[in-house]
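Attaching a single structure in structure tokens format; questions to follow.
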Amino acid sequence: MAETVQVGVVGCGYWGPNLIRNLNSLADCTLSAVCDADRARLEYLHGFYPQAAPFTGLAEMLADADLDAVAIATPVRLHHPMAMACLEAGKHTFIEKPMAASSEACRELVDLAARRGRVLMVGHTFLYSPPVRMIKEIIESGDLGEIRYIAARRLNLGLFQKDINVVWDLAPHDISIVSFIMNEMPCAVNCQGKANVTRDIEDVANMTLFFPGGGFATVQSSWLDPRKVREMTIVGTRRMIVYDDVEPLQKIKIYDQRVEVPPHYDTFAEFQYAYHYGDMHAPRILQEEPLKLECRHFVDCIRNGEQPLTDGRSGLALVRTLEAACESLRAGGGRVEITAAGPAGGRREHEG
Amino acid sequence: MAETVQVGVVGCGYWGPNLIRNLNSLADCTLSAVCDADRARLEYLHGFYPQAAPFTGLAEMLADADLDAVAIATPVRLHHPMAMACLEAGKHTFIEKPMAASSEACRELVDLAARRGRVLMVGHTFLYSPPVRMIKEIIESGDLGEIRYIAARRLNLGLFQKDINVVWDLAPHDISIVSFIMNEMPCAVNCQGKANVTRDIEDVANMTLFFPGGGFATVQSSWLDPRKVREMTIVGTRRMIVYDDVEPLQKIKIYDQRVEVPPHYDTFAEFQYAYHYGDMHAPRILQEEPLKLECRHFVDCIRNGEQPLTDGRSGLALVRTLEAACESLRAGGGRVEITAAGPAGGRREHEG
Amino acid sequence: MAETVQVGVVGCGYWGPNLIRNLNSLADCTLSAVCDADRARLEYLHGFYPQAAPFTGLAEMLADADLDAVAIATPVRLHHPMAMACLEAGKHTFIEKPMAASSEACRELVDLAARRGRVLMVGHTFLYSPPVRMIKEIIESGDLGEIRYIAARRLNLGLFQKDINVVWDLAPHDISIVSFIMNEMPCAVNCQGKANVTRDIEDVANMTLFFPGGGFATVQSSWLDPRKVREMTIVGTRRMIVYDDVEPLQKIKIYDQRVEVPPHYDTFAEFQYAYHYGDMHAPRILQEEPLKLECRHFVDCIRNGEQPLTDGRSGLALVRTLEAACESLRAGGGRVEITAAGPAGGRREHEG
Amino acid sequence: MAETVQVGVVGCGYWGPNLIRNLNSLADCTLSAVCDADRARLEYLHGFYPQAAPFTGLAEMLADADLDAVAIATPVRLHHPMAMACLEAGKHTFIEKPMAASSEACRELVDLAARRGRVLMVGHTFLYSPPVRMIKEIIESGDLGEIRYIAARRLNLGLFQKDINVVWDLAPHDISIVSFIMNEMPCAVNCQGKANVTRDIEDVANMTLFFPGGGFATVQSSWLDPRKVREMTIVGTRRMIVYDDVEPLQKIKIYDQRVEVPPHYDTFAEFQYAYHYGDMHAPRILQEEPLKLECRHFVDCIRNGEQPLTDGRSGLALVRTLEAACESLRAGGGRVEITAAGPAGGRREHEG
């Protein structure tokens, strides 16, 4: 490998420029190519990054033997064919979330990356964000006690997707965060929803996740709410956290208040729960862009031959959860088990 | 009937004193009796209201032929036997929500009240609250367009109930408000939850309601959240309302922002939704105590021989919804239909 | 003295009933008399407190030899003559803030109370409120470092006074809190304002206070703001507090963020301040009614022969500050020194 | 003049790059030169804008005959000599606020610009911001009634200036907005403050402004507050506005609540103010960058030979107010009149 990682980005639309900007800012990474089928869009980006060679076709870009890695930020249906081509060409591959349109497609990618010995990473960006990392640390320190449940909401007005529903668009963020905090992937899901604006594309959804260790979580998603909401409440036996990602500074609030069950009480007598309303604490959080930390991690994994935190198996496990959620959605919202199909199942993610 | 309505209140615990205070404040109503099995509690209340005769047993209180009506604020399991006794004694009867512990019990009460020609009213207090009334008016004016969905949350730390779960405790408020706004009772429900503190008593629940006219609503309930939340978002095709009952003054915010689907577009071309971020408006709301308006309505119905807005059939329909929700909760959260069993079914509530 | 303190309250209007309710709730205090020139008002209160003898004239009430103490909640112009009569009659005396309409009048009262050996207390209620007490403790612990300045705002829509301006009505709360925190009374004041609604009665005012130890504080008062604001920012060299009395639970927020001046730097080079954005902490605060704690303190001082925290000298010192502020207001807003006139000067308040 | 305006920017430090970015984005303006004494900084900017010729000295840049205009974003003490040089060279000149370090210097610039017939504009950016423009329109429509007073606060932690105090740094924004809304410049000022961190550089200040038409305004400024506050309350006789520039969307809230003085009342009887608590309305505001609109205006004035809204006389009038405020600050905070010294006095600003 050259001194710096040579990386190309395919997809210069809504999200691609953010990847381009961040990859370009890393010291040991060189943005050497950009690719988009839309020539006007490509030229626009080339104007800002003249050092990166422009391509309208992925095959041409992959033909460059000096290229070490590719980041894919195209519509979901293109994730699988493009990532297959990148891995076949021996490039380390980063794919935006969700990893692919089916778990079948994800599994092919995981297998191919393993056979070729290439890094395969999925863009579950929030696992790199400072507040989520801090929540994880607080929980691992034992300060929260055991987690009773997590309630997540991700609501806003638009941006509407045309090929995927709100579950595939917004819920991956919350499912990845909740699983990261719970330290395991969900084993069952219920999901109800409604398609208000576009036929068969649900724009509001209500999901419940069950975890092997007894964990319980709800995830609400909407493209139709008048307010922008990104909120998660984590209720522990000792403390509780409210994480509000819309807040500019105090994204995490830790509440010391709790309900304590007295250890002994006479079952014939009235018992009363001891309420404890305590302090609230908002810790200082580093103000770093999660996407930059994510790009940093991708380049580090390439250079050091390490497995990414959000590797292909993690992306696959999440897609399996989305598939199960949509199966529940289509079948009356009943419980759908998420089986660990084969050795690549998602049960062991996030353990390190 | 005497010039004023003579009313007795049974149950002087947590909620009863609020009924006592409000009934006592009405001009054409006389608080003539209070009843509680706890003699100390009874005497404490008698000190404040010396004009009301104190009783430790309901039968003794009902023996007073001058008593016109009784309000019941006891634990849920006592609602049915006490209300039966009151109606048998020919008293108009008010029962706190939920109406009874089963729809079977509710139906008996509805039938008995009909046979005896007595007013039977249930304490779904929020339907008398000025902000809910204003929301109803706004929707009936057509300002919101058609309702796409409603999302409700009612969360706090405690107060734990010992005989009913959080669905029976908190959700009745939201189900009654949502049904009032939708102008019909739900026809199906999904519900998932978890019992964290007390075995088999769920303290967090996530519910989805479906309505015959296509309406969709979610209701989240918790006794374990660090914050007190009473919030409802009503998303219409033209406008959206956020109703926050914790706000002291601006409980209702009407958002003019919306997503418009362009009427025509070329299916081969990209289409874009027209976003419209508009004004927000917080209308002035009368500052009146909902419970006082509710007590006022009970006395008016007695005096004028009218059917209460929240009559026995309404209370029955709500209990059927709670039963269906708990059936879903016990059976994996799948969809449970709420059938209109018999002539007393809940399908025609809130039509006037 | 009898077993319990026998107390009478004069003034049953806007504020008096709060004093009556709290004095009545204390175990070692008996509400034995209420007094108001308005017979209807008096009878209304007598209905709630039949044990208290009703009087339309103060002299008649004072004739009762068993009466130990009087609390005065009448218009400010009546404070001095009524308190003089009470003290002459040998009664311990509590006066609502501001103590009297002039420092001259205050001084007479202080002198008379001293000669008669009676407790004289002024109702600077906020000094008994749990959040103010907690702020005081935090500062005394050294956690804030030295106080750089305090900025206070007390704004709302109405309630208009007819005989005093907004400085005499709202600012006493902030001046008493700021002085309590600073541990000394101000030595100079600037004040500007405007009378918008009623001629010569300022309804908006902007005040700056200077303290002997170098302290600096601003106090803004208004009867014309659309929002209810009770806010105080206390900026220390190490930490900062924002105290928001309108918040229901988290009234105090302690910010760990600060600007540090590097101890040495090259004057020829650029120097940069080291910014430190840190944690925020909202401590648990006892939910007790300040007025109850204040009444409790009055009764304790009577029983134990102690000097109240907010004694007559304290009330006098505050009135001197108000006089100086109004002198500044009338004379172009320039600096007016607040001299410690005579032995009763306010310089030694709040030292214990 | 060439087809597009050729503009150079001097000062590439903290603020300059914002001017560079916005001027560069305008269709009929060409960023043809950038200038900074710091060669490293200059090269950094040149990397982003290779089309702009880099200069380390202003004289060299001004030697370019094709250059039409210069924007100055250097420390305040350099504003006067640099702007004099630009105008002498016949360039239209834009100066960041405050215009210069003294009104004397401002007046020289106004005179020179007039003699040379060149546009002279000062960067009072907020007068180009959509919320301030909307407030102005609302007031001109009469909806607020007459303005009773304005209260402004601009607080944050740092950024500390080394050569000017907080009055010169933060207050210009508020004074320019308040004067724009009042439609006249202030005629007198009181100001008190304190230097906490750096000797003789006040970092907290409390100002009161008086206007010829009876207007009253307060302006509070601080570099030491734990929160970022940019808030202005405008109290009218009919409605009130709270303008919060930190809010992302609802920057303006219009309150319909007001206090009405009854037209007639018996002076011997009690009179009561009629309180009217009404609606709150948050209008939609265009999301445009004020600095872009300001740059747009500068280029338009050059092309059309028009007088800028924030012309040199306006900048001079503001500096006179700052001088008077600091005179008050040094002299005990008393009232200092702001005289219209000479024909260039600030009394007629903002009348169009």
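Going by the order they are written in, the chains are A, B, C and D; count residues from 1 in each one.
Quick note on the criterion: contacts are C-beta pairs under 8 Å (C-beta built on N, C-alpha and C of every residue); 3 or more make two chains touch, one makes a residue touch a chain.
Given the structure is predicted, the values throughout are model-derived calculations rather than measurements.
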Shared chain contacts [chain A and chain B, defined touch]: none
Centre distance in Å when chain C and chain D are each reduced to the mean of their C-alpha atoms: 39
Rounded Å distance, chain B centre to chain D centre (Cα mean): 54
Whole-Å gap between the CA centroids of chain B and chain C: 44
Where chain A touches two or more other chains, by residue: 257, 277
Interchain contacts (touch definition) - all pairs: A-B, A-C, B-D, C-D
Chain D residues touching chain C - in the complex, by the definition given at the top: 148-149, 151, 157-158, 160, 162, 190, 192-194, 196-198, 204, 206, 208, 216, 218, 220, 222-227, 233, 235, 240, 242, 255, 257-259, 261, 271, 273, 275, 277, 332-335
Of all residues in chain A, those that touch chain C in their complex: 249-250, 256-257, 277-284
